[in-house]
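Okay, so chain A shows up in both of these, paired with chain B first and chain C after.
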Partner chain A sequence: MSDLFPLWTHRLPRQLLVGGLLLATSVTAGVWYYFTPKYTRAGYQPLQPVPFSHATHVGQLGMDCRYCHDGVERSAFANLPASATCMNCHNQVLKDDPRLAPVRDNVLTGRPLAWVRVHRLPDYVYFNHAVHARRGVSCDRCHGPIQNTDETAVAEPLSMSFCLDCHRNPAPNLRPAAEVFNVNWRPTSAAQQLADGQRFVREWDVKRLDNCAACHR
Partner chain B sequence: MTMRVFLAILVLLVVVVLSVAGFRGGFSRRPPIELFNDMTRQPKIHPQSASDFFADGLAARPPVPGTVARDGAWADTPLNTGRITGTTNFAALNPRPLTAELIARGRERFTIFCQPCHGPLADGRGITAQYGLVIVANLHDPRIVRLTDGEIFDTITHGKNNMAAYGASITVTDRWAIIAYLRVLQLSQLGTADDRPAGPSAAPTK
Partner chain C sequence: MTKTAAIRNGVRLAPPPPELAREPWVANQRSAAWVADRGAALAEGRTPRWWWRAFVPSVLALLLLVTLLAYQVSTGVGVWGNNAPVMWGWDIVNFVWWIGLAHAGTLISAILLLLRQHWRAAVNRTAEAMTIFAVLCAAIYPALHVGRAWWDWWLLPVPNSTGLWPQFRSPLIWDFLALGTYFTVSLLFWYLGLVPDLAVMRDRARTRLRKLAYGWFALGWTGSNRQWRHYQKAYLLLAGLATPLVLSVHSIVSLDFAVTQLPGWHSTIFPPYFVAGAVFSGFGLVLALVIPLRRRCGLEDVITQRHLDAMCKVTLAAGGIVAYAYAVEFCAAWFGGNPDERAAWANRIAGPSAWAFRVMILCNVALPQLLWSRRMRRQPGVVLVVAVLINVGMWLERFVIIAGSLERDFLPANWGAFRPTWVDIGTFIGTFGLFFTCFLLFLRFLPMISITEVKYLTPPAAPAAGRPTFVEPKPTAPARPTGFGVLAEFATREDARRAARRVRAAGYRRWDVFTPHPLAGLDRAMGLKPSPIGWFAFGGGVIGFVTGVWLVWFTNAVDYPILVGGKPMFSPVVAIPPAFELTILFGAIGVVTGLLWRSRLPCLHHPLLHRRGFKPLTRDRLCLVIEAADPKFSETEVRQLLTSLGGRLIKSAGE
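Here is the complex of A and B:
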């Protein structure tokens, strides 16, 4: 009879239990860590046809976001500039630089300059840049410290919870209207930010838009 | 024994997954992974997107020549053209009422669009001068100070010499706001001792 259940089978139930738990924990941890826009979307940094650097234009030259993205206060879509906007300066600065050849080509021939879209929300989300920019949500809240980046990358997960965290509690994220496009602006203190933010919520009638139809239409 | 082998395999697996998949927010050239993307990517056209349907590759269609935007600045008025209606003469004065709000708006727009080249004082010494953009008009030049508002409007709209047209970037009303603020800047440089208000001077005296 002793051969029917050899000694190693006595440890089997405990090993199966511990092993199974470890395996399940690891798989759960893996899914939790990876199956989220914090992993799938954030950090995407595509190669662009022209190596445009926000660090040079915004960080170094101090240009305003709206010099190029001139529709951001009026339109749901924050436009890329027409190549003619680049040529305002680059008809003289770096005017024969090979890196700018696609821009010149676009201006001269009209052949599209195929920038690679970096931030791409799902098509069932209706995000409106103008509404956010005009109610004190700064560029860098979603786009990160873009004035320091040589290549544009997705800085924030832009997931549904990323949006909702702010929609449910806007006060910590609103800044004075004049500082929305100042990507170097910082609140003097967290308490000051909260006090000002709550005032902006009242004055600008900022709603706690957390119903589905606010973004999904 | 089996437990040790199992643990070793598990640890190895974790290391392999981490080294292949990396960490959250890590650098990636690959577009985001989208499982079940039939709702995420719908067959509709987004602004400034590409299209393989039209020959020029653009999804957005250029308007037919002669198209007038419903809210566009189409009427022949000084506000829209900088010229007196029915003539090619430039309007002498800003058609928008001069208010503190207009000048504040002008200051903001001037800072965005003009300051990079013309400088914060409009003296033609913007940041771009350090990068090879050297032929920039000093807007305090008597020739420019004497220009009519309408002619400055025309220059902003259509450009002049090395300066490109800004009509597409700056709305009509904002162009007039910029002109109002530019006049403030010019006035600030044209002052003489006689402009000082009467009474005790704030300036230190010796």
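Here is the complex of A and C:
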């Protein structure tokens, strides 16, 4: 027996305990960071057939979101623009730019322009853009500083707890109806935001929608 | 642990008159050494052919299970026969069936221990192993039934990216807690019972690998009375904790059904009815496994006719409760006057699944009546057939309750039927593969009877009656630096107790008595105070209870209050099942922690474990050691004292 279990085995229980605790802590921390949508989903930026830049169109030229996504206030889905919308300007500007060839091709032949979908919510979640946009939830609340990004990327985790943070406590996230599409708008102060937000909650009848059927219909 | 009335407190009672004499629990005057040899035979010897003949098909079925699980997870549970309206199919039938089978183990180990039923010692190891493997088989089904098996961990109350907590007002989450607690506590109980036996195996082992493996898991157990003192208390406390746990598990499983409003499920009799059914089927399985085993492994003297007789009586009693529950359910439906309840029963008796109902009555109510006859109880063949058929009947009972109640919806337009798919059938066969693979491996590598506990049931004169294995020291041993201490062997239990009293009176501090099983009266002889393990159990239980109540309150009433069916956000009633399960779980963990800490385990490197002469000790010897570290230690005096007490001196241990 003596050669099987030498004296140092007496230290084993303590070593195993400490080692186990360290391992458990690091595994927990690793899962906490790497296995959540903050890591797995945010930052997803696929290559698009046309390298469309929000930074150019919104940040530099100051176009309104609704010029292209014109259904956002009326429908559940914030539509992608028809290529004809692009051509409104691009029949004059950069009219022969090779980067825009797929857009022109689409207009001329009707062959679909295969944009790669960036934001994809699970199919068991019902999300309505219009309801949010018309009740003071600004675009950048979920899509981040889109006026500064070139090709579109996922800015926020869009996890369930991300939605719930706002659904449970809407007041700090609502802004004046006129400023919803102004992605550069900032509240004057936190106190002002809270006062305004509470007023909007009251006036617009914004509910604390955290029952399951609010989103899982 | 086990105290025989005949020698309690050292007083030998007069033997009963012959007409009142009972058969002993260990037949044919078998000695402790024989028990150790026979109990370890299958784990040590050559692998018998019957083992392979059982193992190969089991592993094949296990492979089938693994394949089908991969298929179900990758394809989705639509491959099952579940449909609308029968949305709970074989998955839940098999879940309830397996978890019911798992009930005999802890019932035998815990409740029968508290009731001082000595016969449990021969079968508790097998039954506990069976429990653990049956819980594993059962756990597969709900894990898949949720549909997206990779989200199973959402059942745990850990923060996650959904921002959600488990919904503690649902019995399904109680079920998860009950199952997890039951598995953990059963495993701890099983392992705790195994530790002294693993020490026996360690000291018998011949190959280095076996010595390492058994030595590692035996944690350095020496069988000293200072260890036994804590061990016995810990074992008893675990039994006390496990007893209400056994009753809670199937009660909670039954609540999965009883809280719904489906006729045939919505019934207050369900918890006791399910528990009785679980005990019924569990004993059926124990009998079905033990009867072939005792024969294959030559254990007829340890698992005697009288054991089978006792188990048959428990089976009969549980079967009686089940039959009574059937009758009460029927009467409640009949006299309750609720047309839906009546229709559900009419459907059971005469509906499309009536065949299952009839076979169920035959197997569960009619057939067990055979066991009233003592002659039948004593025929292993008959008992085996009855035991197997009871489990067929109990499977059909769950099928009748689940599919039979669901197939007739309130709206006739929604009526349907359940047909198992090949995946259902294959998975069910596969769970048998998992069960028997685990069980056969257990038989092959671990002692299948509790050697330690059965030893105590052997006739008391047996220890140390055999051959001298220890080398007597020369009387004129030269005075030299002593190692660990002086070791003396005693012939009978009474000698050991007397020696302990005298050594204590002589004022020694660092000494101990080593016994292969706990010895009654030794604690008092050694002057040991009661073990403080109870406080660990109490502390763990309090922590568990407070954690449980706090968890339910914080998650469901504070952090994410969701209104469910108009129920209050927090109600103590809802907190009871989770808090109860956590009380038991933390209490059991407290017991084991306390035991390890107080008896200074694991201690793999112990001076006594080095000695070749120590090895027979865990087998059948009674020894007393006075350590050299004792302040009063003087080798000549110690030797004189021990010899004068009738001890056979053994060389100073551990040099």
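Just so it is clear, the second predicted complex is superposed on the first by the 212 of 217 C-alpha atoms of A that agree within 3 Å, B and C clash if a C-alpha of one lies under 4 Å from a C-alpha of the other, contacts with A are read in each partner's own complex, and residues count from 1 in each chain.
The rule is simple: a contact is a pair of C-beta atoms (placed from the backbone, for glycine too) under 8 Å apart; a residue touches a chain by one contact, two chains touch by 3 or more.
Keep in mind that this is a model prediction, so the values were computed, not measured.
Peer 1: Is the arrangement of chain B and chain C around the shared chain A a clash or a fit after superposition?
Peer 2: In the superposition, chain B and chain C stay clear of each other.
Peer 1: Contact-wise, after the overlay, does A:Arg66 reach chain B, chain C, both or neither (first, second, both, neither)?
Peer 2: Touch partner of A:Arg66: chain B, not chain C.
Peer 1: For the overlay on chain A, what angle lies at chain A between chain B and chain C, C-alpha centres, nearest 10°?
Peer 2: 150
Peer 1: For A:Leu164, select first, second, both or neither according to whether it touches chain B, chain C, the two together, or no partner.
Peer 2: A:Leu164 sits against chain C, while chain B stays out of touch.
Peer 1: On the A-aligned overlay, A:Ala114 touches which partner chain: chain B = first, chain C = second, or both, or neither?
Peer 2: first
Peer 1: For A:Tyr34 in the superposed arrangement: first (chain B), second (chain C), both or neither?
Peer 2: In the superposed model, A:Tyr34 contacts chain B only, not chain C.
Peer 1: Using the touch definition from the top, say if A:Leu22 reaches chain B (first), chain C (second), both or neither.
Peer 2: Only chain B is touched by A:Leu22; chain C is not.
Peer 1: Tell me which partner A:His10 touches in the superposition: chain B (first), chain C (second), both or neither.
Peer 2: A:His10 sits against chain C, while chain B stays out of touch.
Peer 1: With both complexes overlaid on chain A, what's the closest CA-to-CA approach of chain B to chain C, in Å?
Peer 2: It comes out at 6 Å between the closest C-alpha atoms.
Peer 1: Per the definitions at the top, what is the overlap between the chain A residues touching chain B and those touching chain C?
Peer 2: On chain A, the overlap between the chain B and chain C contacts is residues 36-38, 157.
Peer 1: Flag every residue of chain A that touches chain C in the complex, lowest number first.
Peer 2: On the chain A side, the touching residues are 1-2, 4-10, 12-13, 36-38, 157, 159-161, 164-165, 210-212.
Peer 1: Can you tell me which positions in chain C touch chain A when the two form their complex?
Peer 2: 160-164, 208, 211-212, 215, 220, 560, 562-563, 596, 602-605, 609-610
Peer 1: Give the list of chain B residues in touch with chain A in this complex.
Peer 2: 2-3, 6-7, 10, 13-14, 17, 21, 23-34, 39-42, 44, 46-50, 56-58, 108, 111-113, 116-117, 127-128, 131-133, 135, 162-166, 168-170
Peer 1: So in the complex, which bits of chain A are touching chain B?
Peer 2: That would be residues 15, 18-19, 22-23, 26, 30, 33-34, 36-47, 61-64, 66-67, 70, 75, 77, 79-82, 84-85, 87-89, 91-94, 110-112, 114, 117, 120, 122-124, 153-154, 157, 178 of chain A.
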